[in-house]
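Here chain A shows up in two complexes: once beside chain B, once beside chain C.
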Partner chain A sequence: MARESLADIDVAGIVRGMNARRLGIYIVVTLFIAFFLAPLEAGILTAIKTDASIANTMPFLPPGADGVTAENIGTAFSQLQGGIINSLVMAVPATLITIVFASMAAYGLTMIDWRGQVGILILFLIGVFVPYQAVIIPIDKFWYQVFPLAQMLEPVARLKLVEPGHLQLVPLTITHIAYGIPIVTVLFRGYYQSMPTSYIEAAKIDGKSLTSIYKDIVLPLSKPMFGVVFIYQFTQIYNEFLFSLTIIKYANATAATMTLVLSGIGASISGVDYGLRMAAAFLAALPTLVLYIAFSEQFAKGLQTGGA
Partner chain B sequence: MANITIETLTKRFDDVVAVDDVNVDIEDGEFIVLVGPSGCGKTTTLRMIAGLETPSEGQIQFDGDLMNYRTPQNRDVAMVFQDYALYPHMTVRGNMKFGLEEEPDFTDEERKQRVEEVAELLDISELLDRRPEELSGGQQQRVALGRAIVRDPEVFLMDEPLSNLDAKLRAQMRTELQQLQEQLDVTTVYVTHDQTEAMTMSDRMVVMNDGVLQQVGEPLELYHEPTNMFVAQFIGEPSMNFLDGSYEDEAFVSEQLAYPFDDRITDGLSAVSDNDRLVLGIRPEDIELHDPDGEPQGETSHENHTAAMSVTVVEPMGNENVIHLTFPDSSSGTEDLIAIADGMRRIDADSDIHVHIPPEAVHVFDAETGDALYNRRLEHEGNVIQI
Partner chain C sequence: MATHEATGESVADSVGWRTKFRYVLNGDFVRSLPFWGIPFVIMGIAVYGGIGYNIAISLTDTAGIGPVDWSSLDLEMYSQALAEPAVHRAAMNTFVLLVAFTAICLVLGLFLAVLLDRQFRFKQQTQMIYLLPMSLSFVVTAKLWVWMYDAEVGVINVVLGLFGISPINFLGNPSFSLAAIIFALIWQFSGYTMIVYLAGLQSIPESQFEAAQIDGASTIRIYLRVIIPQLKAASVSAAVVLMVFALKTFTFLYALTGGYTPPKGTDILATLMMREAFNNVQWAYGAAIATMLLIMALGVISPYLYYQHRQGSL
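Let's turn to the complex of A and B:
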């Protein structure tokens, strides 16, 4: 009986059925990939097209042999390079300082017991949820009227080390540090909570001070988390527009960051230069892409161990 | 090296009393084991000695110096953690040297030398340049020990250091640790839930339950003269058998068994009156099993302290057999006694057997309080003492 019923099963049918299902999955996956990649592909193609080619071909179709040009990328680069440099000069120190401070804060809030800890932690948590819009006007008032740091630093500019216009990057950097510390602290806190408490206890019993425990144990073990948080925070700051606009204000200012410059590129009264805009957008995105590729392994490792 | 005095030590976490009024004096160079089931407060006690927890009440003194508010950094103790707490980013050498860096009396050269010496002692010299993740569990355990030994502290604290090892390695490390402690002669407080570890390693052991100290004493003292039913069942494997019954006419009487006490026992039960509830305790290894149609002392009778029982389960261990026994008319259906028989002896499940409970091996407990009323006699250096 059993054998007969086994023989009755249509094996070929199952194989066919599986194939149809698989095929369906592949089709859906392919459609999704196309959906997500189409804007990117259209962007890249538009960036290398001549004006005529842009007008005559669909955005996602390749240009003809005579419709290819590197001119857009060249122009975009010359217009954007100052902005990218400004952004890097601002974002790299802002990110590093944020991470160092936040990791120290998280260490103090997670691994050491002290009175009033919970209150401070709540302040950090509130800090995470303060919306950008709510702080724009206070920031403007603070950096221009209450504490005009850029103006105060002008004597430094007389030493000819920097142009006076660049000084506005300093308040912008500080703003980003202040705004970034709460969320990064929370990320580090999650990571430190998963670290065995016996590491800290063993070090205490071995006679180590709290500073030494941070420096010798916690900091070296935070490496994967530093990778994750660096990518996250750098991308945030580098791509940020609202604070740049509030503090630096003009796309043609000396200190204008990448996002400010980008907002003005290829737009004029005579119309929008799509090729130039697309080329500029790609150049602007390159640093973050490079960062992702360089740190991808650490990023994945940090996400696994950190639970961030 | 230091002696440790613990007085009325109490630790409360909010409403939970983790450690309740514990008093122990630990002598210089002594190997003391805190043992009890999980949640009994043994680890909390150890952590208070280490300074990782602050006592709610009571005192901890090293050589008469009050330690309560001294940070762990200033107590000169070394601790081996259950998870070893080896720093993954340092080599074995780095791990061992880490604690030594805070010892002011060493030059850098001496520190290096000291690490080499201890590595030699623990036979881990060839592992010094590896990282913890490259080591086996047993090797990690040695490194953790080495990190403690290197510092030459006043007190060693060990929190279940062997519990992550497999059974064979654990038995080996037990002996090794014990020899090491003897050699170094450093006061050691060792926490475990494993009574075998406690019995085999300790000079004296401290049995705790629910935060309360049950008994302090040498291992054999606790084995033969437990102060209460908790200690009696906790020490020894398999656990002591307990039979519920009452005291009637100078005998222990239960549903299935009438067990007359001889003079030695009744002398000890002067505070007990008729119909008081009692618990009769007998260790599995003290129960004698006789063939029903064998020798004369195997006859079942009350005077003979022998009863007819049937075998329900036989667990062969090789060197011995663990025999589960039940009274023939037992209503419960579960086993009433566990006995140990020689491994060479053949005993079948479902057979009938005569069980002799020797009066010189029984313990009597108060059923209400669990306190021991009478313990078996133990020969102490020629003197017979009785608790």
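Let's turn to the complex of A and C:
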């Protein structure tokens, strides 16, 4: 209903196909396009409407000429920019380090035969599925009582390289790496298993060391997989909330990540500011949305092998 | 395994302990260790150290600010949780969410996969749109759906209004709230099940479809009798992912209200656990509920891993 323009495009295409069955399929496909895009469409339109226009127009219809404003987007940007930067500063290194560790682990668990491998693998697999609630209290106790890393790093902050408030991003990054390793290992393992073994067998017969097989054969061959895994894991970490909430805690903290800031935006005692809220939701989603639109195939591949 | 021995000089020695030691050192286990050892230790501390620590905390009576109090260890928190009506309600909601969400996602995902498992214009783009919600954070989608469900001007109520249904306060009314949340989560996840099924469909050779067609079977019949039975592996792995997700879903519910208390009628074990621990600082009690969640997740994963192991696909 909300996507009349898209429906028109499809109708034009159908005229050539011209049979009832095909028409039926196109209608169903289009209805689902409307279903999946409706919340986004209503959200984007609400983000650019003035408060009066939000109250007067249907949420999925565009505002009138006098009902358009960039104010919400501006306000949302000023509230969110710190959080988005924190999320990027945390998610990029966390993803890269996880990928290095996990690709090595997958190599050791796939390409090299030894007994007991399945046992180790199962421990990794359980690590993929463990609900983080089962480790979240320990994460809090660990970073605040057992090993208060952010506090320990404070002398570093005196060198004026970073603000002390940002130091909490360090334990957060480490946490993401530690809990990201299992899933990324499983992703790489699936890929390595499907790789032709003939090269590796040949290299083994040539007497190449395991390290040089990894460096010279496995790494160059797994370049496409690095892309898939990066897209997948970066999206996961950037979008993640539970670890941020536990380690950073407050939406107004210096180190607050995008999700943490966003969770608190747009709600006040006087009611909900939907325009601001929708604008913030879109700005926050933008980095992963752009990545998704550019690399949707890689994203799909990551999900297919790795799970949601 | 260690045929590489032949090149080493140690073969010349008789079978002393040195030889045996070298044999072990040159074995593939030790040689592969530098690759998986460090990640394994990091992951092991985080996952299994974390689980152990959580269980240990659940045996104490720790509450409030301050360090963990190890003075009395017992199962009191578990018996307290099992007797608590709030836990029963949360367990019931968790169960409803898990079953409804998983079942509908599977059915809808399969339907979408079959729908897109054919050639048509904009197929790639359509698939991309169906999967798009999966690229969004739960915090983002929760914000979008609060607006969708707005009691007065939300899109859902406007659409229902077209059918003459008066506005419903979906998130505020306990008899609708859980269903509304399940619906929103299905919106986000059915694209995921769709691509899992699409991968499964692509691995089925075209010839099977054609053969059945020659036999005069209708398309629906072919899917029901020939194609769908072959998607068992895809269904199982998608179902496991969805069920585990349903058990741990917290972010979406937190972001709906921006706090530890989800909309009335939607409290599940995952949100109850977080609220008890981080809002009410009942650490030991929260840890006990977390352990129960872990046991449920293991109840889902173990048969799956066993099934995979028996299929030889581990």
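In this section, the second predicted complex is superposed on the first by the 272 of 308 C-alpha atoms of A that agree within 3 Å, B and C clash if a C-alpha of one lies under 4 Å from a C-alpha of the other, contacts with A are read in each partner's own complex, and residues count from 1 in each chain.
Quick note on the criterion: a residue touches a chain if its C-beta (ideal position, glycine included) is under 8 Å from a C-beta of that chain, and two chains touch if they have at least 3 such contacts.
Everything numeric here is computed off the predicted structure, so don't read it as measured data.
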item	value
Contacts of A:A42 with chain B and chain C, given as first, second, both or neither	second
Chain B versus chain C as contact partner of A:G207, first or second or both or neither	both
Winner by number of chain A residues touched, once chain B and chain C are compared	C
Which superposed partner A:K215 touches (first chain B, second chain C, both, neither)	neither
Touched partner set for A:S198, first chain B, second chain C, both or neither	first
Which superposed partner A:M104 touches (first chain B, second chain C, both, neither)	second
Common interface positions of chain A, toward chain B and toward chain C	207
Residues of chain C touching chain A in the complex	1, 4, 7, 27-29, 31-40, 42-51, 53-54, 57, 67-68, 112, 115-116, 118, 120-122, 126-141, 143-148, 150, 153-155, 158-159, 187, 189, 191-192, 195-196, 199, 237, 240-242, 244-245, 247-248, 250-251, 254-255, 258, 270, 273-274, 277-278, 283, 286-287, 289-291, 293-294, 297-298, 300-301, 305, 309, 314
Residue ranges of chain A touching chain C (in the complex, touch as defined)	1-2, 9-10, 13, 22, 25-26, 28-29, 32-33, 35-40, 42-43, 46, 54-55, 58-60, 101-102, 104-105, 107-109, 112-116, 118, 120-127, 129-142, 145, 175, 177-179, 181-182, 185, 207, 210-211, 214, 235, 238-242, 245-246, 258-259, 262-264, 266-267, 272, 274, 277-278, 280-281, 284-285, 288-289, 291-293, 296, 299-300, 303-304, 307-308
Chain A - residues contacting chain B, complex	196, 198-199, 201-209, 216-217, 220-221
Sites on chain B touched by chain A in the complex	50-52, 71-75, 77-79, 81-85, 87-89, 98-99, 102-103, 147, 151, 157
